[in-house]
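Shared chain: chain A. Partners: chain B in the first complex, chain C in the second.
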Partner chain A sequence: MKLTVSPAASESTAKRPGVPLSADRKLSLVLMVLFPICTFAVTNSFYKSVLVLSMINAIAAVGLCLMLGFAGEISIGQAAFYGLGAYVTAYLANQFHIEPALAIAAGAAVAMTIGWGISRPLSRLHEHYLAMATLAFGIIMYIFFANARAFTGGLDPGASVERFMFLGFDLSSMERYFWVVWVALGLSVLVAGNIASTQVGRSLLAVKMSASAAASVGVDVVRMKAFVFAIGALLTGLSGGLYAYFARSFNAGTFGIGYSIELLMMVVLGSLTRVSGAIVGAFIITILPVVFEQFEDYKTLVFGITMVLIMKFMPSGLVEGVLSLGERLLRGKRN
Partner chain B sequence: MLAIRHVSKRFGGLRALRDVNIEAERSCVTGLIGPNGAGKSTLMNVISGFIGADEGSVTVDEAETIGLPPHRMCASGVVRTFQNLQMFSDMSTVEVVVMGRTRHRRASLAANLLMTPAVRHEERDAFLAAQDLLVRMDVPESFWLRRAGDLPYGFQRRVEIARALATEPAYLLLDEPAAGLNDKESSALGETLRKIADGGIGVVLIEHDIDLVMNVSARVFVMDAGTVIASGTPSEVRSNPDVVAAYLGEEHD
Partner chain C sequence: MFQQVVISGITVGAIYALIAIGFTIVFSTVRVVNFAHGEFVMVGGLLYAWLTIVQQIPLALAIPLAIAACVVVAWLSYELCLAGMNKDNHIAQVMVTLGLGVTIKGLAQVFIGKDTQFPPSFSSGSPLMLGSMSISQQSIWIVGSLAVLLGLLWAVMQKTRIGKGMRAVAINHYAAVLMGISPKRAAIIAFVFAGLIGGAAGALLSPVASAHYDNGMFLGIKGFAAAILGGLGHPIGALVGGLILGLVESLTAGYLSSAYKDAVSLVLLLAILLFRPQGLLGRALPNKL
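Up next is the complex of A and B:
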């Protein structure tokens, strides 16, 4: 019987590359459950806030994962969208006293619009040219953030926001704000997962694997690139807006190249083709500096070695590496 | 009818196409042969919208299409394959063919992001259609869920054609589909092309495998140095002295 393979079955064994696609969704779900468990488990409020920050970073990393991992569009300027989200949120909240959640949404929308706008001139560039152009964009935006002091407060005094309120409830304590970020991450992961498992994600992958072939079967390549830039900027902007209420006071220093590189590390470390990988990568890159705090002197060294080891032995990312290791162990046991 | 009229294209000082006129009818195979560098692939790039022409027109069933980008050409019913295999290697084989359904997908971007029931429905239909095509192209079921890039070369070629057919084209342009195939695979391909044409599609076949072209084509065009030097039925072309001259000393692969 030829036509018994259901789409669901095909999906679950589809190699992209390696392990089943739906495994990605399952893993994301597990991670979303693990975050609350972790926050209840740790008593130290500093660790609680690190956990929240790692979820904020995860949202931005999921955005970059769609851009780089799916569509193959590298961006070394994501900090610009992060900053846009944060500053627009702060500006709207302070000037017009609008509902914080609305301010964050508006910040994300502004970031998305700008992401979409720059995608058009960038859509003809490939690889290192694209890397250079996005890097330049990131630098220009950083200079803007640092100097447009009327709007951003520059490096000093920086910007600050009031407490995070939602419909009159004060959700600004770390315990409560955790859930705000958790919901935002959950929604982001859900949408990204939907992209990954439908025609949209497949089209992004197709553009990455062969733009000519994609175009020849009817994919509007420029439109797909614009879309992925927009969604990547949207998620990163959202993450920036959440960061504004997380930090409450921040300055332009946060939105330099350093953060763009960190985001890249999160995505490359976790997995290029899995949404869950971006979450794992974000978690690790966020907590590593904290873990190595005690070994201040060796921090950079240990960090660097860890990265090199992972790149060497798990080139397609930690999640991929651990999954295939697990598979091998299981098979070993059975034999 | 797919009609190419007075198409010219220069690459700097090189006149890759010079006043080319070619016609291809629905329901039959039209062969396009010529020595290396004759301009066959360039012509295909022009027809499918990958490069612009300097002059001339391309009409698909009377509608002017020159200047349209590739994805719009696909919407106009023209689909192509590539001289160098262009596979979505990391997808499963069936997903590669599902990509061919792009222009028949109706669900909006937003609906996809929300994965509405309509989208799930469309996904299932696309997978079923893709599976049908894989059956038609004789790709064994055991390959369907495998990484497309891991399939034997000959099967990847078939998957590429299945992907093109999934767009439900009026015209299918194939750039050296038999390159790298053995004799048996090549004659099986000929059989398949005939069946595709019988289904109402106009097949344009660029090939160096002259026997294959002569066997399946209703009409053959011969290009050399950017111009069409001969056209006619396979037997007319075979006995044309210009064609013999153009191929003299040429080694065919």
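Up next is the complex of A and C:
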């Protein structure tokens, strides 16, 4: 199937000025405006860095949202791509002293290539088996990160990078790095929104509902799965590269199963069918430990219970569920 | 050296086989891969350690208590989480069992603590010497328990009404319902068995490998690897898969690299999933696309 869509059949809002933005895009736009407002509103530099981290996580969550929410391809190994992005970025920047932005792009490209590579064999697997296989992939990569110390620095001493420079300008201070991440998130949301609102997104939804039915109406199922895996890995790798320059010094412990589950939490907490939901989810999950000081001790327990409750009672995501509940209540009042 | 590696491989393999049986029973009756199963094993080991070390309860009481607690955890897991869920929404099922696993891990962390514990062996005594090989007493306990539990499971599955009902549900869900068998009851019994055998595996393993709240996911994925290696839904497959996996791991650790032994068994899992998803003993399934 063609990935490009003829303008006549397209619902792409960018090309047709007369069509209003979809609700999802409006919400994403509002969120993208809210982030800078928040960063100007808070004066504490720690809070500013939490905002930046939540945007970095949002990029990865948007990628997982496309995979899980649109295509129904569950992945419990996203931390592997996050780690690949971070380590490739750090390795290129330290060994070859290339421009940091280029190093991040290269890290994302490597993650995308590997994501595409594993998607070909993995597309044979369905739900439970796919979940187990991606989990195994994530753990294998974690073991590699922790033990291949020549490349990654392992758990101790870990890896570190220089300041983030762009065309000779030092953008490493949190105020300036905010804008770097903001632009990256904006681009990710734009790409994801375009995918979601065009034929590609509808094909992905069709694959999720029934791979056989999708194939029977001309959707190239294997290619769509490979595509969504590659995009998911690309965005997660990009977020990993940005994290490398955010943390400046990190070790393999960051890229374990725990992060993969946190990413799943972000998507589940937001929405499985809206890109904007992933941003909200990422924001909530990132700020929770900051808002509640004692949270770290209970984090695992609270995440677990929340995940069970949401998936049992609102399988399309918490924010999504609350929104549709509100819609139903409003409609009920009008009648 | 080689003989010692083989003995430790069989010991670890027997544990993997016990964990794999839990996956197999639940998968064949409920059609769910239970991502929380590894946590049942962790709870068995951690509670056994906590009861013997912190509470100073005698072994003969601590072992059944730990296993009973696992049975309750497994039963509650099904009753509170999986019962009544849409059977066709596999992603939600995966996420619910995953969240359940995280919940159990969180409970263990909050109520028992983050320390690694080293509980005592089931019986103290010098290792058994067979020629130049020395076999620890715990290894004998592990292999013996595997034999007893497999025999028990076989007897229940073949000889009792409950077991026949469970097999009927596994073969054809709707036909079983028409014959008056309650799939919900079969599912509860499957989870109870999974908790029983998983808890026993955890308690048996903890004197050899220590107990820690964060071990569950790892034990679970190893057990799943063993189950899939032999063929998911096959109790004998679980045994064969567990032993192969245990031997591969201990040979890797002995001769290649102990840091990468887990990676080797997970690569084996991926290879089996991709090239022979029905397992070594299973029959080929019709492919969907």
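Side notes on the structure shown:
Going forward, the second predicted complex is superposed on the first by the 278 of 335 C-alpha atoms of A that agree within 3 Å, B and C clash if a C-alpha of one lies under 4 Å from a C-alpha of the other, contacts with A are read in each partner's own complex, and residues count from 1 in each chain.
Methods note: a contact is a pair of C-beta atoms (placed from the backbone, for glycine too) under 8 Å apart; a residue touches a chain by one contact, two chains touch by 3 or more.
Computed from a prediction, not measured in an experiment: that's the story for all the values here.
Once the two complexes are overlaid on the shared chain, A:V302 sits against chain C while remaining clear of chain B. Within the superposed three-chain model, A:A215 lies in touch with chain B and with chain C [touch as defined at top].
Of the two partner chains placed by superposition, A:P36 touches none, neither chain B nor chain C.
Touch criterion not met for A:P157: it reaches neither chain B nor chain C.
By the document's definition of touching, neither partner reaches A:G326: not chain B, not chain C. In the superposition on chain A, A:R202 makes contact with chain B only, not with chain C. When the two complexes are overlaid on their common chain A, residue A:R124 makes contact with chain C while staying clear of chain B. Contacts of A:N194 after superposition: chain B is touched, whereas chain C is not reached.
Chain A uses residues 212, 215, 221 to touch chain B in one structure and chain C in the other. Across the complex, chain A meets chain C through its residues 68, 72, 74, 76, 121-122, 124-129, 131-133, 135-137, 139-140, 143-144, 147, 211-212, 215, 221, 257, 261, 264, 268, 297-308, 311-312, 315.
Looking at the complex, you find that chain C touches chain A at residues 32-33, 35, 81, 85-86, 89-96, 98-107, 109-110, 217-218, 221, 224-225, 228, 259-260, 262-263, 266-267, 269-270, 273-274, 277, 288-289. Within the complex formed with chain B, the chain A residues making contact are 2-3, 5-7, 9-10, 13-17, 191, 194-195, 197-200, 202-203, 205-206, 209-210, 212-221, 227, 273.
Every residue of chain B that touches chain A in the complex is listed here, in rising order: 48, 50, 69-71, 74-75, 79-82, 86-92, 94-95, 98-103, 105, 107, 109, 112-115, 119, 122-124, 126-128, 131-132, 135, 141, 144-147, 160, 163-164, 166-167.
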